[in-house]
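Both complexes below contain chain A, partnered by chain B and then by chain C.
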Partner chain A sequence: MLKLSWHTISGHLILILGAIFMTAPVWVAFMSSTHSAETLFREGLQAWPGGHFFENYNEVLFVEGGVMKRVTASMMLWNSLLLGLGFAIGKVVISTLAAYAIVYFRFRLAAPLFWVIFMTLLLPLEVRIIPSYEVVAGMGLLDTHTGLILPLIASATGTFYFRQFYKSVPEELLEAARLDGANAWQFFIDILVPISKTMIAAILIIMFVVGWNQYLWPLIMTTNEDNYTLVIGIKQIYQVLSEGGELPQFQKAYALTILATLPPVIVVLVFQSWFVKGLVESEK
Partner chain B sequence: MAEVKLTNVNKVYPNGAHAVRGVNMEIADGEFIVFVGPSGCGKSTLLRMVAGLETVTEGDLHIDENRINDVSPAERNVAMVFQNYALYPHMTVRGNMSYGLKNRGDSKEEIEQKVIEAAKTLHIEDFLDRQPNQLSGGQRQRVAMGRAIVRNPKVFLFDEPLSNLDAKLRVQMRIEIKKLQRKMGVTSIYVTHDQTEAMTLADRLAVINNGQIEQMGKPIELYKDPKTLFVASFIGSPQINLMSAQYDGKILKSGTLEIDGFENLPVAEELVLGLRPEHLRIDTKGKLAMNIDLVEQHGADNLVYGTLEGAKNEDGEDLELCLRLNQDQEPSIGETITLSYDHTNALVFSKETGKRLI
Partner chain C sequence: MKRVQFSHSPIPYLFIAPQIIIICIFFLWPAAQAIYQSFLLEDAFGLSSQFVWFKNYKDTILTDAWLQSAGFTLVFSFLVTFLSLALAMLLAVKANEVIQGARTYKTMLMWAYAIAPPVAGLMGNLMFNPLIGDLYYFLNAMGWDFNHKLDSFDAGFVVVLIAVWKQVSVNFIFFLSGLQGIPKSVLEAATIDCKSNLRRFWTMTFPLLAPTTFFLVVINITYAFFETFGIIDTTTGGAPGGSTSTLVYKVFTDGFRGNDLGGSSAQSVVLMVMVLALTVIQFRFIERKVHY
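Coming up: the complex of A and B.
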């Protein structure tokens, strides 16, 4: 017999309510995205499926829209993917290398330099967005993927995580590798990177989601619709809504929102076990 | 096959700590040398200097005819076994053993053959495809040794390799290391703080204290004929009994206890008399009266602990004495027994200089 105590019941009740509270907006957005513009305009948000799923998503994904009528969601999806991946990979590469230099090369000023890097946490992109824009503009990188990604990949958080991890790697491993004839680069590639792979995976996942969700920087950086990311696309659709004399295309906005949510969700779901492992376990 | 020569080797760390002070040593081809000493005495630093993991501040290191002060660790052709094994956790046993060979540029077939051969020697051929975290401590230690022997180095360096193993395994691995070293005939340097390991493994033993070699020689020489108080107290288990004493020209006195039979000792100098636990015996006519506090039965022999009446230790407290008896001699606690000692084995040191007088 299953015994239900008050603790289990109340515990589950809270969890279920919490889950509903968290997922309800997503559900409503998804359901609304399957209705026609007319239904949404007349009746507001929808809680149950409508009949325009294929129609709406097909239109958003493949029919060119936007102010210039040139941009499709699949294009924006591709841009977002590039930004997310470039952002995540760039951050991991830069921060592993920076942490490696700080921990293993006893150069003067290593400690102060680390704290300088660490202090950039106090200066998020939003604070330095004008100078960053200046620099990127000066380099002629406005409206390019490089310009979109490059200024974002320096990562104090990543450097800090990897530094902590490398510091916990026993010194003897380096010494054994030196006796085995490995040079600094070989030690990094052959030993350090493989043993931090779960950690790298975890950071990649987090950074991918963060990169995917970037809003302000791409908004300022990209003027050409070809370079729009999904997040920017959503904003643009609403802008079109409020300007044009046409019927507001809410269903498209919701479809875009759902499309924008999907990749991060999939990434986290698929790599969940790695993600947890990387943050919890230290396998040495 | 190699001779190792250390000439006036010094190590001063940037913070001013003088870890190794003028060490001179010649190690013959195939010899098994053990560095023993308390922690922080500089023995590991010395070993790591030979390995190339620490720079030499002053002096010269030679392997055979080559001065290796500035040669990189890999090119010295030495192999080291670490206390915590330092296996590459993401590589299989095979990967661990072949990594050095790969970096050296050996061919695949050559590597495979060498790895198999070394694995057979160490009885780890069944584990070649496992990862270190799937192995027990003893097996990991074997793999670490495999990684060392597979490169066929000129010199083996061991940095307290058995300290992480349990007591039984430690004894077993100790024997295996000794056998392996005999068989391969590779010059070896082994660092330990365990005097039993040191005694049993070494062809020659270097007792290191405060960055200097106190004495170097065959283990039994160091045991029987220690040149300093430090060596006498470090070598031998249980530790030698030490009592402070003064000589008045005829008789050696410790507290109120009078000990005769000594001649030609300096008068009016603080002395230390050392008697090993096995050189004392129960003797009804003996002059040393001991009150028994504790009897430890080790099986083959019994260790008896108690205070010696009248005698004082180096700090001026009542002397705690240890006595080794056969298993059939088992005095009871609280009992007072009288002991005699063997003059020929008694050691007398100057307290001030630590030098041996008799």
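Coming up: the complex of A and C.
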């Protein structure tokens, strides 16, 4: 028999209110993006779908010369995807390798190099943003994907995450591999990488979301509109949309925010358990 | 360190090299530059520079604008940290208790993690837009003469609300994982010993969550300092009159818009010191926590 106590009911009530608080803004943004500019201007934000879904999204995604001169949301989507994937993959590659060296090798500079890596955890990119810009500009890497991604992967969160995991790998594995005559590279690629598959997947998911959502660095780094990611592009477009002389095109601004939100949200929802694992364990 | 290891050879250096090279070029060098530039005074065209010791610090840190920004950052960080932690803890405790619909609740409460702060800022900005924003109408209809473009309290309210909204999901995930780490047998024993839900929360759940909470306080302060840049840039832009400009936002506006390289670097160095202090406190506490 279902027994409903006051405590259970109040618990559900709090959770429902919390869920509304966390989802309503995005719901309203999505619904408003399916209406016409006139409707939004006359009646304010919309809570239910309207009839302009295809029209609005088609326009921001593919029509050139609309909101900005040449840039379409599909181009920015592509740039965001490159940043998210490049950041995630780059981070996994350099941090698995570095963690492998730290855990499995004895070498003279191990301690100082470990401290150098550790130091990067202490200072976020934001506090050295202007000299970083100068370094990248000096190397001629402004407006390139390399210049965008490399400074972002300089921090060592991934390295510590894999270091923690490698330490928990049984020692017998290396002994056995050595008896079979495996060298350092073979042990890494044939044994260590396959057994850390789920760890790698978890960190890839987290880092994809983090990379996709980068704002300050891409904003400073990118001068050419062709290289805009969605997250930095929408602010520029929002200004154009709302300050134009004609009817403000809020529905397009909303369509763009939804497009910027959708890919990372899908990744998080589809891989929810891996994502939670990656987040909780990489931060510790 | 593993007991069984490969013996030393050039190989480990090859493995660790990519990370170390990237750190040297894009971390150590810029950080050193920031410190160096904070002692330099450049002329308006960036042609010559002069070593001026602590003049930049004196000229930027001891100004009303910086102190105002520091004050706002402090209040802002406190409010964001406290409110988002309290809200997330309440929701996590409830989500851990309920049986029906637990999965749905959890998903709905954690998915906002995926939304970028500037995107959250834009959504919020549209909500408070005087032309179409329902919240703008609602607050004015409630008798609050709300105008975040002119009133610094209202602007602060908007920024804090959006920053809290964005951070609840991260805190929720960590609290939930902390709660799930408490063994079921402990929970059952506590339920038998103590009938009052509220007392059980304060005497058992809250202390057991203390390590998670402390860890999250540091994460949240760092978030309020740095990651809220996107929210501020897309909502108030520091307006009105710099009253909602955090220290990081000020580094950006002074350095890039105002072209004051020395002053901006001096501010960066002060920020570095603040973050380092925070980390030291964190490690001190974590070491103590291990023995509890």
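Here, the second predicted complex is superposed on the first by the 262 of 284 C-alpha atoms of A that agree within 3 Å, B and C clash if a C-alpha of one lies under 4 Å from a C-alpha of the other, contacts with A are read in each partner's own complex, and residues count from 1 in each chain.
Everything that follows uses one rule, which is that contacts are C-beta pairs under 8 Å (C-beta built on N, C-alpha and C of every residue); 3 or more make two chains touch, one makes a residue touch a chain.
These numbers were taken from a predicted model, which means no experiment stands behind them.
Engineer: Once both complexes are superposed via chain A, do chain B and chain C end up clashing or fitting?
Structural biologist: Result for chain B and chain C: fit.
Engineer: Would you sort A:Glu175 into first (chain B), second (chain C), both or neither based on which partner it touches?
Structural biologist: Touch status of A:Glu175: both partners.
Engineer: Any idea whether chain B or chain C touches more of chain A?
Structural biologist: C
Engineer: Classify the contacts of A:Ser95 with the two partner chains as first (chain B alone), second (chain C alone), both, or neither.
Structural biologist: Touch partner of A:Ser95: chain C, not chain B.
Engineer: Applying the touch criterion given at the start, work out whether A:Ala255 contacts chain B, chain C, both or neither, answering first, second, both or neither.
Structural biologist: In the superposition, A:Ala255 contacts neither chain B nor chain C.
Engineer: Touch check for A:Leu40: first (chain B), second (chain C), both, or neither?
Structural biologist: In the superposition, A:Leu40 touches chain C alone.
Engineer: A:Val71 in the overlay: touching chain B, chain C, both, or neither? Say first, second, both or neither.
Structural biologist: neither
Engineer: Return first, second, both or neither, reflecting whether A:Ile195 touches chain B, chain C, both chains, or no partner chain.
Structural biologist: First partner only.
Engineer: Name the contact category of A:Gln186: first (chain B only), second (chain C only), both, or neither.
Structural biologist: First partner only, chain B.
Engineer: Check whether A:Ile203 is in contact with chain B, with chain C, with both or with neither, and answer first, second, both or neither.
Structural biologist: After superposition on chain A, A:Ile203 lies in contact with neither partner.
Engineer: Is A:Ala29 touching the first partner chain B, the second partner chain C, both, or neither of them?
Structural biologist: Touch status of A:Ala29: second partner only.
Engineer: Can you report the vertex angle at chain A, computed from the C-alpha centres of the three chains with chain B and chain C as the arms, to the nearest 10 degrees?
Structural biologist: 90
Engineer: Can you report the least C-alpha distance between chain B and chain C in the superposed arrangement, rounded to whole Å?
Structural biologist: In this superposition, no C-alpha atom of chain B lies closer than 7 Å to one of chain C.
Engineer: Under the contact definition given at the top, report the residues of chain A touching chain B in one complex and chain C in the other.
Structural biologist: 175, 178, 283-284
Engineer: Going by the contact rule at the top, pick out the chain B residues touching chain A in the complex.
Structural biologist: 51-53, 72-75, 78-80, 82-84, 86-91, 99-100, 103-104, 133, 147
Engineer: If you look only at chain C, which of its residues touch chain A in the complex?
Structural biologist: Chain C residues touching chain A: 1-9, 11-13, 15-16, 18-20, 22-23, 25-31, 33-34, 37, 87, 90-91, 94-95, 97-98, 100-101, 104-105, 107-120, 122-127, 129, 131-134, 137, 165, 168-170, 173-174, 177, 197, 215, 219, 222, 226, 229-230, 233-234, 248, 251-252, 255-256, 261, 264-265, 268, 271-272, 275-276, 279.
Engineer: For chain A, which residues are in contact with chain C within the complex?
Structural biologist: Within the complex, chain A touches chain C at residues 7-8, 11-12, 14-15, 18-19, 21-23, 25-26, 28-29, 32, 40-41, 44-45, 93-95, 97-98, 100-110, 113, 116-117, 119-124, 126-132, 134-136, 150-151, 153-156, 159, 167, 171, 174-175, 178, 184-185, 188, 209, 212-216, 219-220, 231-232, 234-235, 238, 242, 248, 250, 253-254, 257, 260-261, 264-265, 267-269, 272, 276, 279-280, 283-284.
Engineer: Which part of chain A faces chain B closely enough to touch in the complex?
Structural biologist: On the chain A side, the touching residues are 170, 172-173, 175-182, 186, 190-191, 194-195, 197, 283-284.
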